[in-house]
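Letters A, B, C and D name the chains as they come in the text, with residue numbers starting at 1 for each one.
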């Protein structure tokens, strides 16, 4: 058993937050509240990221996910004025039961698999000193991952154009 | 936490704990995807699943002392942004036509 | 002058210029005439002048160059008793495969010099003739482009130093032949005739290609150096092919190109092209390529006497067969076409009995008088406003006297009347046949000579003598052709008369210069000796046969006259006198029908079977069955295809679950 | 004193100092200041009764708000309605933590860096928090269950997302110049060096375009005039805080001024050399204290600019706002990026 350290405490709190609000996200009937729950979950995930020596990713997660994507969700939800989920009975109750079972089973199987996978023994090798992480990411992006990076920029451009076209009202 | 270099220090939290939290979040997201009927909620659940996977990537990157995991997460986040913008635009367009985003009412895959 | 690679390149340049200008002009014209009902057939004078100058100029220049090259060569060659060594000029390496290279190389030796002389000369004359003959045609530029391309290919064929390059020219002339036969591409029969020529030639070309491979297998090279090897009978060690087979394959190629039985069927139909084309390609030059090939490979043929005998019999058979068909044709060009086939048969007969130089001599003389005849017929046709049926002609001698006189000279030449060109060359063949001891072949040749005289004089009689039949109006308006047409006629007629003096045999006090000249290039196996007395006797006999034929034709047709109603009587005169055999002859021995019945119809039946039986039932059955299976599967899958995205997601995750479990358990 | 304890004490001291200054010293005075400036511009006295020059007016206002009834509409989402103002408060307060408000001062034998948290991802951290701040407005708008409030919320979300982009792209140019995301590095870079031989190497001189874009975007991010469409009293009553009153309305009020302070601090830090000033020393105790003074003086200048603009310019229409954001600022910020890149590449800066 690892010693009870500050890091472990932070981890525990963050995981309770993340899982709790993730559950809340699913159980909420109101889309806006779902989004807000997810925001909290993402903050928990950002804390994990910092703990896993990835502060850049943590900030990115908050910046992009919480700050942009979920705000976009909120915007759309409010634009469409969606308040409540449909209440009438599911046409196929089997979907509900099977879906529940599948999610449960997949979660169990995956955690089992993750836990049973061989763990590295001893101290994990250092990634990099914290101060050098961002230049390193920059260098990697423009060397080893250059192709992916360029493809990504193209994808973003296409997505922007696509989103614009899709949401444009067509005047006939 | 200034001054602490988490990358150098041994992991105080066993990596398995991160993995379990990640898979649990994934399962919750999956449940949401399968059980929700509002398209936007389903979309949110998918985002949760992606982030759960991101957590796994980061954990493995930390375990292996390798930057590749972080790079993948970087790309996943960027792609998620693209996906969200297009997906939401689709929902907006869909809503204009059908006045609903209940996926059971827009069973357009069967025609 | 030894830069003779320029000789084929000049017409090629002419082709490029003419072709491009014609294309541009045609597209421009199409633009200008959009919306007009009647496209103007005749090109503007400027364009015609341009195409004429480029077309005639390029070929004429090539002719000048070739004579500048070959005259010194010939003179030099005649002085030395052994003849000159060939002059070979390498242009560049075409392909290199291991040790073996194929060069683009041109060769001037006795054989190619002879071919070169009349190809460029007659070619130039026919180009000049075409300037007048084609003046009303819309495709004037296209015509000259094709004709120049043909000259390029023919000169490549003639000058090539190896069989692959020769084959390039061989296929090139075939292509141009096809293009020019189908010149009137808006007429079905011309298109069909073009295709027929193309396909018949493919059959021969298959043999040709295999023959080239065979030569390579036999001698290890396809350069014409193999001729020297063949003279020493130096076969490559380990050649797995018999000389006999190679000779037969090459001869198959020659048969295709030179229209021998059984591949001759395309040549008469080839008359669908413009008449100068018939004169140049289908009489004077291209069709003699087969003879040239056999003469070129004569040393190889000598190694396989059985093959030579076959060549002789095919030649003789073709000669009499085609001549017999020619007897009853009413289309003026058809008569000449069958005559060409028949004369080509003579040439192969000469080659077959070993008198290759006699065969080439006949090629040479034939080029002049047959070109003259064709051009003359073109002049007649033009004056009769594109009427080709001889039964509707008659009495034209006074209307178009120049054409009449030149054609008469050429007719006498082809009939073998002393001392015109045909007499010497034909008699060289008949003499050699007799000397070789093949008396049956001699008899066939002699009889054919009589037939030749008959059908040729029949042609002249029906066209020029008697009174006008057919359309009186057309007859009245018949007019002599322009100078661009008559001048070539006169020149060709003159050569028809004098060309024979190049080969006056020893028996008549000559020295057979052409024979000696060709000795350096072609094989000359021992044929057998005849005393001069016997030779002169044989000449008198053949002369007598020819005169008999002439007189007979005069008696049947010479005074045939009468009003238009007499046309049918005129046409049926032949049947009336020859009965069932005549009918058969007039129907061209039903060869086309026979080919239809024996070759094409079975093919069609097989094709129909494959279509109805195999394709429709088996292939379509398989396709339909798989479609049915897919439909069945689709019906099955429809149950799962709810259209609800959540169902799919569920199925997807269940599948993932199963997959992960499988990976884990395994 | 053990190093850990002294470090903890140092951190605590800095936290107390900066938030004390911001919350206790600046905020109340800002309210007074704004009203006085409004008076100045509109040619009237402004508040001048409570205390000397009306300085205590702010306390009177706050007292009034606390006394008022705290109304929550009956169909509102009670939880979110309560939460929204505080969600808005947190990011601005957190931003202050990474701003270097002075150089270093030697104190008690320690060299103290005058920043609460010198994180290596400083600029990103600021933007991450700024982007989260919008939740307060959006939720306030949505939770009120009022169509004007909702409109305000929708407007603010669209507006903030749009301008965040240009703002971020402009700020990226500054970190390109400094070669670090660390805000202390950005300030030190500007403090040490000259541009064209006579100007301080402040980013406002090297990239004037980026500076202007950042300032405009900051106006939009803080929902200040001329970008105050989410409240737009002429169209939406009071926008997102239509249904707020009393204490919670006061929280919104406070948040607005906090945002003002935070934005001004960021402008100072990123573009105007932070705590540095030409010819003024910033080493040693005296220099350190002087640098603090310089920093807050600059910040106050920008706060004044905000107020000056507020009482001078009219409001944009929403389509104009979107046009400016997407069609003008975004391309211009890319241009600025190119410009700065060229400068860096040519070693001019």
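As a convention for this text, contacts are C-beta pairs under 8 Å (C-beta built on N, C-alpha and C of every residue); 3 or more make two chains touch, one makes a residue touch a chain.
Values in this document were obtained by computation on a predicted structure and should not be read as measured data.
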{"item": "Mutual neighbours - chains that touch chain A and chain C alike", "value": "B"}
{"item": "Pair sharing more residue contacts (C-beta pairs) when A-B is set against B-C", "value": "A-B"}
{"item": "Whole-Å gap between the CA centroids of chain C and chain D", "value": "97"}
{"item": "Between chain A and chain B, centroid-to-centroid distance (C-alpha), Å", "value": "4"}
{"item": "Whole-Å gap between the CA centroids of chain B and chain D", "value": "32"}
{"item": "Inter-chain centre distance, chain B versus chain C - centres from mean C-alpha coordinates, in Å", "value": "80"}
{"item": "For chain C, residues that touch 2 or more chains besides their own", "value": "642, 644, 646, 650, 653"}
{"item": "Shared-contact residues (touching 2 or more other chains) in chain B", "value": "30, 34, 37, 104"}
{"item": "Overlap residues in chain A, where contacts from two or more other chains coincide", "value": "56, 60, 68, 72, 79, 95, 98-99, 102-103, 106, 110, 130, 133"}
{"item": "Contacting residues of chain B [partner chain A, same complex]", "value": "1, 4-8, 10-32, 34-38, 40-41, 43-45, 47-48, 51, 54-56, 58-59, 61-67, 70-71, 73-75, 77-86, 88-93, 95-96, 101-102, 104"}
{"item": "Of chain C, residues touching chain A in the complex", "value": "642, 644, 646-647, 650, 653-654, 656-657, 660-661, 664"}
{"item": "Residues on chain B engaged by chain C in the complex (per definition of touch)", "value": "30, 33-34, 37, 42, 103-104, 107-111"}
{"item": "Chain A partner contacts - residues on chain D that touch it in the complex", "value": "77, 80, 119-121, 124-125, 127-132, 134-135, 138-139, 141-142, 150, 153-154, 157-158, 160-161, 164, 181"}
{"item": "Chain A residues within the chain C interface of the complex", "value": "92, 95, 98-99, 102-103, 105-106, 109-110, 113"}
